[in-house]
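Okay, so chain A shows up in both of these, paired with chain B first and chain C after.
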Partner chain A sequence: MDQNNSIPAFQGLASPQGAMTPGVPIFSPMMPYGSGLTPQPVQNTNSLSILEEQQRQQQQQQAQQANAGLPGTSGQTPQLYHSQTVAGSTTTALPGNTPLYNTPLTPMTPITPATPASESSGIVPQLQNIVSTVNLGCKLDLKTIALRARNAEYNPKRFAAVIMRIREPRTTALIFSSGKMVCTGAKSEEQSRLAARKYARVVQKLGFPAKFLDFKIQNMVGSCDVKFPIRLEGLVLTHQQFSSYEPELFPGLIYRMIKPRIVLLIFVSGKVVLTGAKVRAEIYEAFENIYPILKGFRKTT
Partner chain B sequence: MAYQLYRNTTLGNSLQESLDELIQTQQITPQLALQVLLQFDKAINTALANRVRNRVNFRGSLNTYRFCDNVWTFVLNDVEFREVTDLVKVDKVKIVACDGKRHTEYK
Partner chain C sequence: MASTSRGDALALPRVTCPNHPDAILVEDYRAGDMICPECGLVVGDRVIDVGSEWRTFSNEKALKDPSRVGDAQNPLLNGGDLTTMISKGTGAASFDEFGNSKYQNRRTMSSSDRAMLNAFKEISTMADRINLPRNIIDRTNNLFKQVYEQKSLKGRANDAIASACLYIACRQEGVPRTFKEICAVSRISKKEIGRCFKLILKALETSVDLITTGDFMSRFCSNLGLPKQVQMAATFIARKAVELDLVPGRSPISVAAAAIYMASQASAEKKTQKEIGDIAGVADVTIRQSYRLIYPRAAELFPPDFKFDTPVDKLPQL
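Coming up: the complex of A and B.
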């Protein structure tokens, strides 16, 4: 009903516009019992048990959807991707975004009014690199690891960590003697977590009491192509507070978007690189923000 | 003090076996055998560095690698060793490599 291809990431969150029931800060026609976090209209009798079960169902549904590997089209809720994988460190995922079923009890109140003018680009940035960290929770003897593990490099004179690689998912890990580890090179959040777990298992098999504490995605990089050439000079003139363009230093324009806090490298060819995201949604949001601006600076010759 | 890398080669192993036999029959002392091996290390290192001129190319797929104590260890699969004259194919080869230009000595 309100699906006109804009990211409905904020559907059902804090948009009281159109809510017909006063006093209910979050109300969506597709959430009969709501998220359980806000006061609800008096419809439920055994509220506690139903809400708990509903939250569990929603989490399972989110798990299924995340595991089914839904493509990150701009018409889907991007928060689903990390709500399952990153335990406790998500910033935005709220249970209850997934509609369970429509009941006749709930009036069809439109939440997001139809956005005028701008349509979505139809282009989805592809994730190219994910950097994550995890704490294995115990001190490690790097020389033992380098001597016994496969595909490991250790040159303490140059760098104080073991550099280990695995083939599936194709990633590289930096393992420090404190027990902390950095995992780079994965193409998705789930792959990054899986790879980090594989490294932890390697370390564990070598005899260290490795745990898997505080896994956190630190950076995500995406790229895409707008398929038309761009007038970087024009862009830097109008958006000079955000842009820096030194063609003699680097051929791309560096655009530092404030909201979301993402850095974009924009090239004359129309290729765009987005980096600095902690969650996938930030990449998508940043691209949707920049696309109309880029369209305005399309090269016509 | 040159690399003792070459003691575990056909030549080096033959030398070590012969020295062990001589020690068994009390013809030389173990200390002398050790000196012989040290001299062997020096000789083989300088010989390979100065008297070997031919070049061999090899190509294969990398199974594992390791770098520790400035020593590279590779295991390659399905390798072809190619010299101008001939070609040798092997399923598996282990390569242990020490630094050619080094500042400190390593055993």
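Coming up: the complex of A and C.
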């Protein structure tokens, strides 16, 4: 838990869903400027408002601690994901500001949407797909697997792997003769792991000495809706080095965020698809980074 | 005395004026002299002129190029090509006893640039099919040369890179062509051209402006044979529709096609959706979709001084 001002990156939050620690949030007075790699919204850089924000966040965070526990459900997300400081830490980097700004101006209520400075969106991206790989640790005979297993298809002329599906969790696996397996379609990390184990058990029951080595999540896809239409032309003008918007090729804007390294597909309707993450936190962080920018390009009509 | 002053594109000779060593010498190509601009001293003389031998008035090669020393050197594009090729030979003496031609070896010419020259030829052919002017072709050649030298897209087919460079050049010159129009003159699929396009923008670290509906109006309307008033009306309708955000998320080409349809249906020259779809490269269901979006507010979209042949309420409703 660093209060390290040399890394002024704007990190929204770590992993709210069933995570133990709040991660490494870095809270810096330089937050609105950020590093060049993290997209920054055009904000008013009045330091007074920033300090006020910090103050309010601290108070909410203390109020939150009084509630105790990480709910982990989307119902309470507006408070949870707003916290910028680590639980228990109340130091900000600015010296001597506490007595000045602890005024009745900052109520101990959840965030009001009126402030222009950074605040949480209150929207949590939902995970739609998780791709993971695992090594079963032994060579497999795909023909016997295809013949004896249920819900397996194998067409060596088309693709050199057995495609197996299970109903619960609804996933698809590609099983290769080297013993490596790719599992796709799960909606959460635990489900992906569980599904991979089920496939490994199926292979084991067919007589192969299957193990469960090196399970790794390779890609996570999430999607969410910001609930307002977006001016993609404006976004591509200002964030030219990250965005690619070619209506002839694809109706959405492809935003390649550098930190974290996530690709976002942003559509006119306000729907956003985030992909390329290895951990859930990256998806949340990316969305928290992009949300203020999208708000700046909201269609006004 | 007409003097041309070459910039730094050609290497300056190492001679300098003895009195003014840092004066940039001015080259007089007609007399073959290098002249000091400060004192007028002729410093180098009998400089070989690398321009073309005499003026030829056709841009491309005539049947017989009368130049005896070859084309004008194009230093920007080739690698300073100073090789000699032995040509096929005329007359009986060039054939040996078996009927094969002597001096068969005429193949080795700048093998490193051969692919580039092929690509330039391909670019020229493609551009000629859609009647693109010289400046776009030159820009395309330059882009291709930059991409080729960078080698970051080395694995891709040269034709695909050439097509994508042509697309980018048209965009940069302010007269964008749709991907489908480039596809029509190239053997590469739209998907591959699109991929190469994005890769080239990344490799050259440039960007292009977003396309607008107005970029295509003059071309589509003149291909359809619509008069100027209809073209201006269609331009106005498309711009107004985008401003009023009646067609969010639609490709500008589709909106332009729908605007042309509405304008032509309101005028004396009515065109069907199929005809417009053929010219614009848009499916007629797409035109129908976009038309349905702009139809409800058709009255506001027309320019105020438009002469209606068919009034707004009689416009077809699909």
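Criterion: the second predicted complex is superposed on the first by the 185 of 301 C-alpha atoms of A that agree within 3 Å, B and C clash if a C-alpha of one lies under 4 Å from a C-alpha of the other, contacts with A are read in each partner's own complex, and residues count from 1 in each chain.
One rule holds in what follows: a contact is a pair of C-beta atoms (placed from the backbone, for glycine too) under 8 Å apart; a residue touches a chain by one contact, two chains touch by 3 or more.
Bear in mind that the values here come from a model prediction, so they are computed numbers and not experimental data.
After superposition on chain A, the partners chain B and chain C are seen to fit next to each other with no clash.
When the two complexes are overlaid on their common chain A, residue A:Glu233 makes contact with chain C while staying clear of chain B.
Contact with chain B, but none with chain C, is seen for A:Ala152 once the two complexes are overlaid on the shared chain.
Looking at the superposed arrangement, the partner reaching more residues of chain A, out of chain B and chain C, is C. Contacts of A:Asp225 after superposition: neither chain B nor chain C is touched. When both complexes are overlaid on chain A, the residue A:Phe267 reaches chain C alone and has no touch with chain B. Of the two partner chains placed around the shared chain by superposition, chain B is the only one that A:Lys143 touches, whereas chain C remains out of contact. Of the two partner chains placed around the shared chain by superposition, chain C is the only one that A:Lys299 touches, whereas chain B remains out of contact. Annotation: superposed on chain A, chain B and chain C show a minimal Cα-Cα gap of 30 Å. No residue of chain A is contacted both by chain B in one complex and by chain C in the other. Interface of chain A with chain B (complex): residues 143, 146-147, 149-155. Residues 64-68, 70 of chain B are the ones touching chain A in the complex. Residue ranges on chain C touching chain A, taken from their complex, read 178-179, 194, 197-198, 201, 207, 210-211, 244-245, 248-253. For chain A in complex with chain C, the touching residues are 229, 233, 236-237, 240-241, 244-249, 251, 267-269, 299, 301.
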